[in-house]
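One structure follows; several queries about it will come next.
Chain lettering (A, B, C and D) follows the sequence in which the chains are written, and residue indices restart at 1 in each chain.
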């Protein structure tokens, strides 16, 4: 089973699934339980209350669905929209592409606003489209907060400002899969109608839970949304919320206890500190990239992602070879370049329960791989640049002062 | 978190989620991994091959979907049928009811064949409907192999015989959630077109995987099936099967290793021995029920389920009180009566990784609860009846001879 | 590795090592840590304080030694006595025999007071010896609180009364391996000078910690005790207690966290409730034995052990065959008869984190094994007798009311 | 309990207890078992055979004792020697000092050969003492293979050569606590009579097992050795080896399964590859130390340890502050300077289940700590030096080629 065993720990730096903290692994190390006993609903109640905090919403209604991010996407769309509805969606990388593909297959009329991969969503185009849409035929804006394939973060506050500027009632549906719980995300303040994430990303759990929050406006939209849905139907959840039993079908007992532990760790660290830590690790990574003489796939600083950095390699190097070699020689797991940027970028995921020395081990590993594949990196250069920044920035661990 | 802690083990006898064997808990006690490294596809390949064995199919195509049984149902229907299609579906208990509800909400034209709860599917009615359907407008027969709410098992071999008798081309879609890997199930021999189960049932894993097999005829049907589907679309899987990367979206690493361990245990015991063990535990349970002077909800022996026994209580007793008390006093988790049989039955799940002494502890507990709620049970009577049978029947543990 | 796998749980009813509760298994599921960081001493401090509670001592000094019960014995003796010292020791079964063997090999002058196996310590003989010893040449009374081989509990309060009656200054050294945390044990009230237990008994942990408490008088005795000791020398511990680093050599990180969890569970249940639970399980077992027409190895009720019951089998039956068969057919682990009672008794351990339904499963299993080996037991009879008692006695689980 | 939680993994670089590999943590994640069933002896048999391989002995007899390294020391001495026996012992650091202290307290006549801390055992002095001892009054040479406090490895082959040169019959007793399974160690070839290690060192397990091998000559010596011993008496083990039940008292079930898994991993990697990996990590560490402009506590290359590097800091810096700060700010656990070198050295343990990127993360962390405490390190310099060596040296992971 472990036929690919290598000594020491695997260095997991794909942008998901990410490293699970030991206390969470422990919490999930358990037998099944009857989910209809009083224990599980009582636990669930605390989870539903607490996930709202990581979305920064008080008015939203949370749903924890036994699915992946792809399922959470489908849930967001089918509960709020009807086939044929006009929606605006931004194509800026592989994950926004997949979401758009889903939107089209679900029968929506998708107005795709495309950018070069490495750029953020073109909000000017959106603004002009909204301006023109005085009939309010556009029913939703669908946007990926953080495009995991290119390491590009979109500015959701601006999206909201534009919508407000035109007094446009379109729903704002946000894929926060690689952002929520790691980047600054403010559901209520930014007027997000549906936000979603997956358990295996910044929450640092195994895959298996799609977590969404729906605004009151989104819930209202469910009443007229004609998209066919059963497994993903929020109404089945709402019915069981009222009953106090919470689950229309069997949840994963292990993931519920895991989520409890994960949230406890996040609250112990403090959500703002978690976000700062992600920023710190990301900046250190970018400084290393610069020191190596390589380029960030994200073309402008405003788009730089604090959860994943996609790194462009020179044309004569195949980035897939970097990823392969990292795993085969250094027990280091990096992210591949996908689709349009396949072979051209490799990715360092720096999200979830991670600290600086873990990242520095990764950066040292990347330097060696780069040398392996013929890129003339100065060994130690990236680590030096990252350390120079980190040594000035890392706070003391509060519980240890 | 464990605020409902009671000393000793919880005695888990709900018909799902069921007890997870220690080796499986161990196998899942791990960090995440990159599912795009060569390791996970190699593991997945063995899993897809091996799940076919528990369905007893060689020609079927397996799908392991990160969802629950409800999602697996949806997957079976939407990949093979189109809205408006006529299907026959049997209503014999809460789970067949829920599936029918889903079928209706997905837009199929459902011809519901209802039986009294406690009876099996009315196959005579089906036969007459098939006989009348010379135009072959009936596109599918949907049947729950084992109705978990009433402990009733339907005869799938007969279903197939009837279909063959009339040379009817309807697809045969089977919910094997509480049967596959516990009851005798023969996908190929019985000409089942889609069969499905969930990881938290007889496979004895956590919730989180819907496992299906589709016959060549079912795969052919996907080409014309017009039901909207994205997350549940088999084609996305087939595309990745060809690529050899297997996963269109992130699977649960833990469940994959858990499934590997679960299958290893099943093959070590031998699937036929697993099925015999379920039969043995079920017979012992039924003998206890008889000794207590109570009635099986399943009205005839031909329908008796070997995975769950629903037990009718006298009218003056509330079966929900039995379940509550079992948990609160004896750390025993029993199944509630659902819907039409709420308050009237309680259920003992005897499926999954379970042995005789575990069951006997449960039966002794049930006797005490019965006495608690005022039923004049003779303490020890059920255990005595069960032991008399088991002591003659239990084989030596092969690895210990 | 698991080549002796059998389906379902192993039913562990040897009198040690006993079942570990899931929360404790979880707490131990962890990597190593630096035991010289501030974290481990802080944890240790709480453990040392809290183990005193399970010994019911406030004036005692606790030691947690990385060893087994055998090592804890050696530690108790060598820290307080000198070679050639006269001590009284009671031989009533295999474990008292082994302790006496150790005492002799350590060079003490052991006055062995022997009883028939199945009887308690002969305290009258002790009384007469103390009466005669006006010169106070007897330095210590060594007594096993609960003889695990025969299921016999000695009356420590009486021992103390006799010592006090004669104003005899002998140290009172008590093996509480199968009693502390399960039977009523009162170190301070009974004037016990050294009491000891092992982690794998009523504390329900893995083997690996010998836990002792020493009275001020015992600590005083260390100053003149000439027995050679290094690994087991309490002074090395006391030195590190003063330094606040606690550990003269590396402890098991996992067992420390496990002990924390185990104590938390005991305090949550309440030590008095834990003791009552052991009494309840023991009485139920004895009622079953009676119903089977078999005899308790402990000859009088005053000696009946609440942690282990040794059961005499008829002469034509080999009790070892019962134990073998229980494991090979029923996945049930019972205790063998040892030494003088080999072949004559088998033992049911009912100590540690265990509840009633677990015990009833065991009792049902024993009935079937008895039948297997030709003993004419009435199946269900023992369970019936136990249930009749338990159904009147088991309290509601406090956290679930 | 985890009140000192910090985000991400703890970077454990103390020279014991060391990082436990995930497969070993998994193997230990289990309930207790009856150690008298056939399963545990069968498992034990494989363990005893296989631990001999890591000692490189075929003629030795292995003992696995539930104790720590300190207990293993005591076991080695008391089983082979008598009080008053003359022995030669080398004082070169804290752990050899502690062993000598034990030897003296056990009543041996210890001829202490002292070296400056940072130097190896003075074998010339030993040679002259052996030369003078024509009466063969010296009964044993006691030597620590690898002094963990100073990172100094002694040359055991030379010790054997000298003994042979003088045809001296003294026993050769070796503390291999921080060497066996990491450094080149050859029990049979070097004529070692007793060698010992602890589970929490290169075997990468929790603390709790002292593992020894005794040569036929050592076993012969037990017959005349008059040291008092009971818990540590090898004869009790040998008696149970003959019975085939192996254990004179309760072993830790978890550690047995853990040892099985640990040995499996070592054999999968190949013991020679494990040793090479330790050499590689150690060289990388030494190159970093040099790049930082610091000195190795081990004064000559011949003594450099491949399992731990003690690093001298400039006089104005307190090495304890380095260790404190590493833990409090970087979640990095380093080894303190002990006794004579307290405040003067800090230690990097690089033994056990560890890989290069883990070490590089540690080295980057050390650089930042050094800067924190005012040492003018050039950030990245040590990592660069280590990487330059490693990138040329690390082999592909065999299972992944």
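Note that a residue touches a chain if its C-beta (ideal position, glycine included) is under 8 Å from a C-beta of that chain, and two chains touch if they have at least 3 such contacts.
Please read all numbers here as calculations on a predicted model, not as lab measurements.
Ranking every chain by how far its Cα centroid lies from the centroid of chain A, the top place goes to C. Against reference pair A-D, the listed pairs B-C, A-B or C-D yield one interface repeat, B-C (criterion: more than half of contact pairs the same by residue number).
Averaging C-alpha coordinates per chain places the centre of chain B 44 Å away from that of chain C.
If each chain is reduced to the centroid of its CA atoms, chain C and chain D end up 34 Å from each other.
Chain C has its Cα centroid 53 Å from the Cα centroid of chain A. The set of chain B residues touching two or more other chains comprises 3-4, 19, 22, 25, 27, 29-31, 38, 327, 400. Within the complex formed with chain C, the chain B residues making contact are 2-9, 11, 19, 21-23, 29, 265, 268-269, 274, 277, 327-332, 353-362, 364-365, 367-368, 371-372, 378-381, 383-388, 390-391, 394-397, 399-401.
By the touch criterion stated above, chain A contacts chain C in their complex at residues 22, 25-27, 29-31, 38, 400. Interface residues of chain A, counted against chain B in their complex, comprise 1, 3-4, 10, 12, 14, 16-20, 25, 27-39, 42-43, 66-71, 73-74, 83, 102, 105-107, 198, 200, 206-208, 227-228, 230-233, 248-255, 257, 260-261, 327, 333, 336.
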